[in-house]
Every structure is written in C-alpha cells, then in structure tokens.
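What follows is a set of notes on a single structure, which appears directly below.
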Amino acid sequence: MKIGPQTQRSSAISAANGTTILVRGRDLAQELVGNISFTDHFWLLVTGQPPSAGQRRILDATLVAIAEHGLVPSVQASRMTLAAAPEALQGAVAAGILGCGSVVLGSSEVAGVFYSDIARRAAEGSSAEEAALQVIQEYRENRRAIPGYGHPLHKEADPRALRLFQIAEEAGLAGGFVKLARLVETLLPRALGKPLALNVSGAIPAVLLDAGFPLLALKGVPILARTAGLIAHLLEEQQQPIGFVMSHAAAAAIDYDGPVPDGFKRSDE
Amino acid sequence: MKIGPQTQRSSAISAANGTTILVRGRDLAQELVGNISFTDHFWLLVTGQPPSAGQRRILDATLVAIAEHGLVPSVQASRMTLAAAPEALQGAVAAGILGCGSVVLGSSEVAGVFYSDIARRAAEGSSAEEAALQVIQEYRENRRAIPGYGHPLHKEADPRALRLFQIAEEAGLAGGFVKLARLVETLLPRALGKPLALNVSGAIPAVLLDAGFPLLALKGVPILARTAGLIAHLLEEQQQPIGFVMSHAAAAAIDYDGPVPDGFKRSDE
Amino acid sequence: MKIGPQTQRSSAISAANGTTILVRGRDLAQELVGNISFTDHFWLLVTGQPPSAGQRRILDATLVAIAEHGLVPSVQASRMTLAAAPEALQGAVAAGILGCGSVVLGSSEVAGVFYSDIARRAAEGSSAEEAALQVIQEYRENRRAIPGYGHPLHKEADPRALRLFQIAEEAGLAGGFVKLARLVETLLPRALGKPLALNVSGAIPAVLLDAGFPLLALKGVPILARTAGLIAHLLEEQQQPIGFVMSHAAAAAIDYDGPVPDGFKRSDE
Amino acid sequence: MKIGPQTQRSSAISAANGTTILVRGRDLAQELVGNISFTDHFWLLVTGQPPSAGQRRILDATLVAIAEHGLVPSVQASRMTLAAAPEALQGAVAAGILGCGSVVLGSSEVAGVFYSDIARRAAEGSSAEEAALQVIQEYRENRRAIPGYGHPLHKEADPRALRLFQIAEEAGLAGGFVKLARLVETLLPRALGKPLALNVSGAIPAVLLDAGFPLLALKGVPILARTAGLIAHLLEEQQQPIGFVMSHAAAAAIDYDGPVPDGFKRSDE
C-alpha cells in the first residue's frame, strides 16, 4: 500500500560495505570509534557535523542534567515492567521512555516550540516582550501550561537550570533563546498573577537552540539522557527489586468508589 | 496486591530536596553538570563510581561503535512508527528500542553471558579451551546460535570488533574476556565446521567486562547507543520522510499464499 | 514528588478480596466469565454498563472491520521486532500498537474529534453544513488533513465504511454523527476541489458515537482490534518468518545520498 | 542487509485490492463485518478457521477472565505514562502491554509450555504423574517458579480458574491439559512441601490447549484481554487522573540508602 506521496527515497546517515561502515560520511571504525566521545557522536549523528568544544560542553551538560531525578513516574513504570517481564530489559526501557511526554520529562521540546514561536513573532516586528506576552496569552486561552516554568519540588529555582545558563555563558554560546527564557520568567508574575521559576526543561531548549542544536531533535535529549538513568535503575532492580513494593504502595493509595454488592469487603492486601 | 516477598525497600541512586539533587551521592548541579561528560555520567549512574580514563575511553568506543548501522530493522520500525504517529517521538524511539533483542542488536548481553559461563567453568578447573568447547557444544545441542560471531555483511571481519580490541589494548584493559573472545573465534572452525568472525556484539561484552562494567547492565550499552542513532533517523524522517516508502517496498516483497475466492485479484499497489 | 493537584484518589473499575473479583460492580467469576462475550466485557469495562444488542453489534462490527489489513506499517514493525527479539512477544505487540497514530490506524479518534467539533458548532446555532465547512476550512488553514476521508487503496469507496453504515442503520442506531460523516463527504469536492471517499476511520467514530461509545475511548477501538491482528501475524512470524525479508527489501528501496570518501562502494547486499 | 536465510517470502493472512479486503480468504466487509463477533474474528485470524460454539465460549471466557484485576503493575505503568504523555494513548497502552511478562500477566504462555513439556514426556512413555514430577523437579533445580500456581491474593483458590474449568466441562472440551493442570495441583504439596492453588494463568492454557488454540499464540490471550482493561483505565485516567497520585505514593514507600553529603536532608515531598 502506497501511503502518501513518497517522493523522497534516500537517507544521508549511513552506508556500508563488507569492510567499511560510513556514518555521516566518516569511516566509523577508523575515524570515529576510539577518537570521539559518545556525545560528539550524538551531535554528529543528528547534525552531520562534529560539535565545537562549546557545543560539546553544552550538550554534555544538558544530558547530565536530565538523566536522573530519582523515582519519577517513568522510572517507576520501567522498574515495574522489568519486575513483571525480566526476560526483556529492552521492554522495560521502552516503557520508561514512553513516559517522556509533553507534560513530564519531554517538555523540553514543547518549551523549544514555545520559545521559537516568540522568537519568530519578535523577528516579524514586535518587541520580544510584546511577542512573549502575546504567546503566553494564547497558551492561557487554550488552557495550556506555560512549558519550562514551575517544578513540584524546586519551587524557588531549579538548580539545574541555573547551572545550564552559567555553562552557556562560560562557553560563549548564550544568545537570544537564553535571553528569551529569562525574559519570560520575569513576565510570568504579571501574566499569570504568580511567579514560576524556570525549570530544567526550559533551560535545555534555550541553551541548545542557542548552540545550534535542531529544534526537531530537542526531544531526543531528555529521551537519550533518561535512557542512561533507566539502565542504572534496571540494574538495581535486578539486584534489589522494588518494582512490586512500589506497585503495592501505589495501589494502596487509591480507594475504590464503584458499586459494591452486599457483603463485599475489599481486601487490604 | 503484594506480589513477591518485598523485603527490599530502598534505592541508592538519587535523592533530592528543594535546592539539591543528589545522584550517586554527588550534587548534580554543582559537581556533575558542566564538569563531566555524559559517558562519565552513565558509568557513574550504573556503577556508583566515576570511570577511570581507560574505562571512559572503552565505554565511549563501544557506544560509538554500535550507535548506527543504517536502515536496520530497529531503525525501520522506528521510522515507520513516526510516519504513522508523528505526535509521539518517544513512541517511535520505543518501537526502535524494542528491537534490541537477543537475535539482533541486543546480543551483546547474550554474548556476555556466554563468555561468563565459559570463564566460570574455566575457574572451576577446566582449561579455557575445554570450557569453551563444552559451552559451545551445549549451545549447539539446544540449537542456539553462538552469540557474538558471524555477521550478514562483515563476513571476513567486523571492523568495529577489531578496533574495539585495539582500544582495549591501548587502554591497558584487555584481559581475560578479550582473550576468551579470541579463543572462541579460533575454536569455531573445529566446533561448527566453518569459521565465523567475531562481531561487534562479541567485542562489546569482552572489552566492557574486562573494564569492570557489570554483566547485568551490558544490554544497556546497545540500547543507549542505538537511541542516539534513532534520534538522528527520526529527525531525518521529519524532514525527508521515507517510512512509508520502506513499508511499501517491504510489503511488495511478500506474496499472499492464503485462500482466494474466484475472480479475486490482489492489487499491485 | 507530588506532581499536579492530585485531588482525585479513587477508581471505579475493579476491587477484589481473596475470593471475589469485582469488575464494574459485578462478580467477575460468577456473573461475567462464561456468560458474556469479550465485546460485551469491553463495553462494560469502558462505560460501566453492558451494551444493548445494537451497541454490541456495532462494536463487534467496528472491531472486526479494523483488526486486519495485511502488511501495513504497524504489522511490519511488529514482525521485524519479533524477528530481532523473539524472547518478548509483548514487545512486538507494543511496537505494533505504537504505530496506531494520528496519521495511520489511530485516525478514528482524530475523526471523532473533528465530527464532535462540527456537532458542537451546529448545536450553537449554525446549520450543520455551515459548521462543517467552517471546521474544514480551519483544518486547511492549519495544513491538517481532513481525518476520515481518502484511502491509498480504496479510492472510490472503502467497503468497510459502507458496511458499517449499513449495520448502524439495521441496528436502528444511525444518528447525527452518521449523517454528519456523510454530509462532510458531499462537501469535500467543493471544499477541497476533489472528492475523497469516507474511509473506515471516519465510519468507526460516526457509528460508535451514535451508539453512545465515549469519544475519549475511541482510539481504544483500533488499538484493541489491531492487537488481535498482530497476534495472528506474530504466530505466523514464529512459523514462517518474513520480518528480515521485509527489512531487506525496505532498505534496498532507499538510496544513500550522504557524503562518500574516495573509493567507497556501498554494498548491494 | 540480508539477515538469516530468508527462505520464506509469503503470508497467508490478508490480501486486498481496491474494492475487496480478504482476511483468511474471506471477504472482510461482506462476509465478516456485522456477521461474526470480535472473538470469532480473533480465532479466525489466529487459526485460519472460525471457532465452533464451544471454542468461542472458551475463548470468550478466558478473555473476560484476564482482562481486568484492578490497579496491578501493568495498569499503573500505563496510567502513569498517560499522565506524563497525554498526547499518545497508544504509548500508554504499549507501556501496559510491556508488563505482560513471564512473571506477571503473561505467565499463561509459560504455563502452556510447562504443560506441553509434561504431555510430551507422558506421550513418550512415562505416566503423567512421573512426567509431571520430573518436569517440576527440573524447574526447581533451575530455580524457576512453577508457572500457573499460587496467587498473592487468591491463596485458597483462584475463582477465575475454577470457573474456566467448569466452562470447559460444560462445553465438552475439557481434555488432557485440564486433567494435567489438576494433576499438577495435587502433586505440588509433595513436590514443593506446600500446596499452591491453580491460578487463572494455569487455567487459561489448559482450557485453550484442550480447545485447539495454538501454543505459540497463547500469550496473545492475556495481551488482547488486558488491552481492553487498559483502555477502560485510560478513559478513567483522562476523566479522574490518579497516575501522579500513585507515583507519589510509590516513591514515598522507598527509602534512599546511598551516600549523603553533610547536611543534606531529603525532602518529604
């Protein structure tokens, strides 16, 4: 079945023959393996070019920042899945990654789109402040949360966001998006009636877009980073299992409020 | 529902309060972000300790080696999934990771278990050669492929495997597992009646186990690495879609051999 | 970490003790197992009430209609995943389900939202035709496809859509949504400049919404249905594997257009 | 890349042209939609033939029995995933299905293999009792749980298992596997030193194998059934969200036992 126009019929990422594997035009075994870091390789895979020293430092910093934050929902889903299906570690990782969504963990991308919208309007003639207030207003009218601000635990400030901005400054790569992310933070008290601190998912797109990382690959950063954290949790789950302990506690926190026949008593177990 | 004994009730990976996030006992924002690479962080997450220079180089090399090899099944599944469901990049990544199995891509872990079995028996008294022949024999009796040897494209030698061994030597970390992996390669002509070259999924566990990476986390290496490759493919898929082109070609390669009512003619489209 | 307001703390679907499992307030083993069909059970699970005879017939018809359509992208992803990871059939099913997206297979839900938007505006005072033309116009301005119309293979008419409407009429449950789906079909030549036939993903929400199935569960119908088809394909894949054949053909259909070092020749294998 | 021998190049499940879709050789829109139940269709898809009345009743009963059992790990993983990524219901279903593993939910297949091993040995000459004791002994030596027996909540008896056997008797389809499943239950006190009651995951393969359902598709039954339950939970999650409530409670049940710098105090939030 021929779905869609199908005009494109090529890919520029990799090619191989019996003795050589090309990745982005480079000999994988001879030029890349052993000579570049995995972070360099990720940047090369995504953009087609190796990163500068500053780009590498920023990408490393964002990946380190978002890889791990304890027993968050994606980690719980992953550990429960391994407990139920220990034969497939890849399935447990996949279950964790599926929680990299627009609300939790994956909101770096949503925030990147938010900043890009503001930047586009500012480029079309409004002041940055006007453009930002306009986009914020539209999000509110559509009952959408402002992505990249506020955190259930880090209410005053997200230490990862502060640190990422510091690194972008040090690398000389803090630009328009970092400025915009800060501007929005200062506008929120007026726009929302309360302050909300910039969080890590607001800082990541700001520093990466300024560094030249593509908007359409932004979500890959929390996904790749969290995969590293998930693997650590899944090793621990094999050695010291808590998946079913968490599941027991989670179920016990929820009441049943459906119909009940006479005499039925729900088990406390 | 209380499944299993549930004796373990703790985790040692991360803890946080409003101002500080600990990862493996270190202050994430102050000590780690901006100071260590993502590869360092992965090793720290998994083992609880930062890697030595040699361990870092080997882990980087294995991640770079296995991240990308063109339009392999996992990449195809991922790109087709994004074409069908562009609203969820995380779903397309998950579909790709699910193909990191015992036969393709995830066989590093299977090979790691294979080498560990041989090493255990050799430690119990047999010579390494006897132990290896014994384990190979058992795999054959159970009709299991010898993991880590043979490749559909790199038939003479897998250039990534050669390079990984070279790097382990340079790092001074080539040890018993590298020796074992080579020994098995020399035994295969006798044991199987034909030679099979060591492939990247045999070299990865050999160099990582020698470097001190835990056996139970081995599968995490191809999973993490391939996630980077998948993200590059999914960016390209958004810009130059080929998911449905591949699907069309794949379906056209397969005949229908079920029952057919009179007069029915299958469409060539 | 306390994410969001967390005001709701109960569920109405199931409760159990050592001897009795309640599902939607009914004794699972005594009242349901052996007495009702799986389709009845699905309706009961989703809505809290068993279906009428007409509702059951319509739900059965939609599930049968969308369960299987040959080697479509979701089936290919699933079979390739099983070929790579035969240890986890659940992973192969998950890979297939992940392709139940807004573009392919999952568009029943998108079409259901489309019809509901039109119905809401018509209820607010416009004629159905005005409302439909308005919503179609907005989709076009946002460069969104009109969901539920057009099919790569069934260009004149989708035989499943015709049949579903016939069944809804027979069951006496064809109502406003069926009428709306047909109205849109008649408006498309004017609105788009070309006709597009109603497809199965337009008919499913029309007949189900008229029958009282909830809009927010619509996507569950193609997901559940396709799961049945995937299981048939995964049984066949275990007995007559074609996953890697499809993958080989798919890769062969794509050229490499990235940079190439001197003398490199891509393998045809 | 040509992986494996690739000798098979056909599929017998479905074919189509512009006006007709064949499923297992039957005209989908004219013969099947509206005329058969989804359970009939599932049997037809998997086996190539429609079920008898008894086969239909048994398949319906097993699907109804295993579809739902409250907030079990797979349901929790699925609801947490939807809370984090509401844009992709298919991702939340996939996360739930990934927990259909060898330990929880998916053990019907493991039990089916267990019974088939016993049956094969009994057919080769041992008495059924000898064969059963032998296989149980081997499971114990390999530290594997006996699949299909014991349940954390239904300790005396699993009401679903009892009911499934009753239905198989009523349908006249209880045969050698049902007998075997009961025999094993009587042998366990002697073999394990304690009684373990047959559970639903032991009863499902017994009644289905006796009814002629293929062993290699057994895991599809809990997967398909649970998908129906997951969709009900995901509808409720959209209307009355508890995903993050469960996640909060689960995390609170786990202590942190890693290293802590001076003065750090973990948040109770």
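Here the chain labels run A, B, C and D in written order, and each chain numbers its own residues starting at 1.
As a convention for this text, contacts are C-beta pairs under 8 Å (C-beta built on N, C-alpha and C of every residue); 3 or more make two chains touch, one makes a residue touch a chain.
Keep in mind the model is a prediction, meaning the values are calculated, not measured.
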### Task
Taking all residue numbers used at the chain A/chain B interface, answer same if over half belong to both copies and different if under half do.
same
### Summary
By Cα centroid distance, the chain farthest from chain C is B
### Query
What whole-number Å value describes the gap between the mean CA coordinates of chain B and chain C?
33
### Task
Provide the C-alpha centroid distance between chain A and chain B, rounded to the nearest whole angstrom.
23
### Query
Cα centroid separation between chain A and chain C, in whole Å?
28
### Message
For chain C, give me the residues that contact two or more of the other chains.
### Response
1-4, 9-18, 20, 69-73, 83, 85, 87-88, 90-91, 94-95, 98-101, 104, 106, 152-153, 242, 244-245, 247-248, 251, 253-254, 256, 267, 269
### Query
What part of chain A is in contact with chain B in the complex they form?
1-4, 6, 8-21, 23, 28-30, 32-34, 36-39, 41-42, 45-46, 57, 59-61, 63-65, 67-71, 83, 88-91, 93-95, 97-101, 106, 109, 153-157, 159-160, 162-164, 166-167, 170, 214, 216-217, 219-220, 223-225, 227-229, 231-236, 238-242, 244-245, 247-248, 251, 269
### Query
Can you name the residues of chain B that touch chain D in the complex?
1-4, 9-18, 20, 22, 24-25, 27, 48, 69-70, 72-73, 85, 87-88, 90-91, 94, 104, 152-153, 253-261, 264-267
#### Entry: Footprint of chain C on chain B - complex, ascending
16, 70-74, 76-77, 80-81, 83-88, 91-92, 94-95, 98-106, 152-153, 242-254, 256, 267, 269
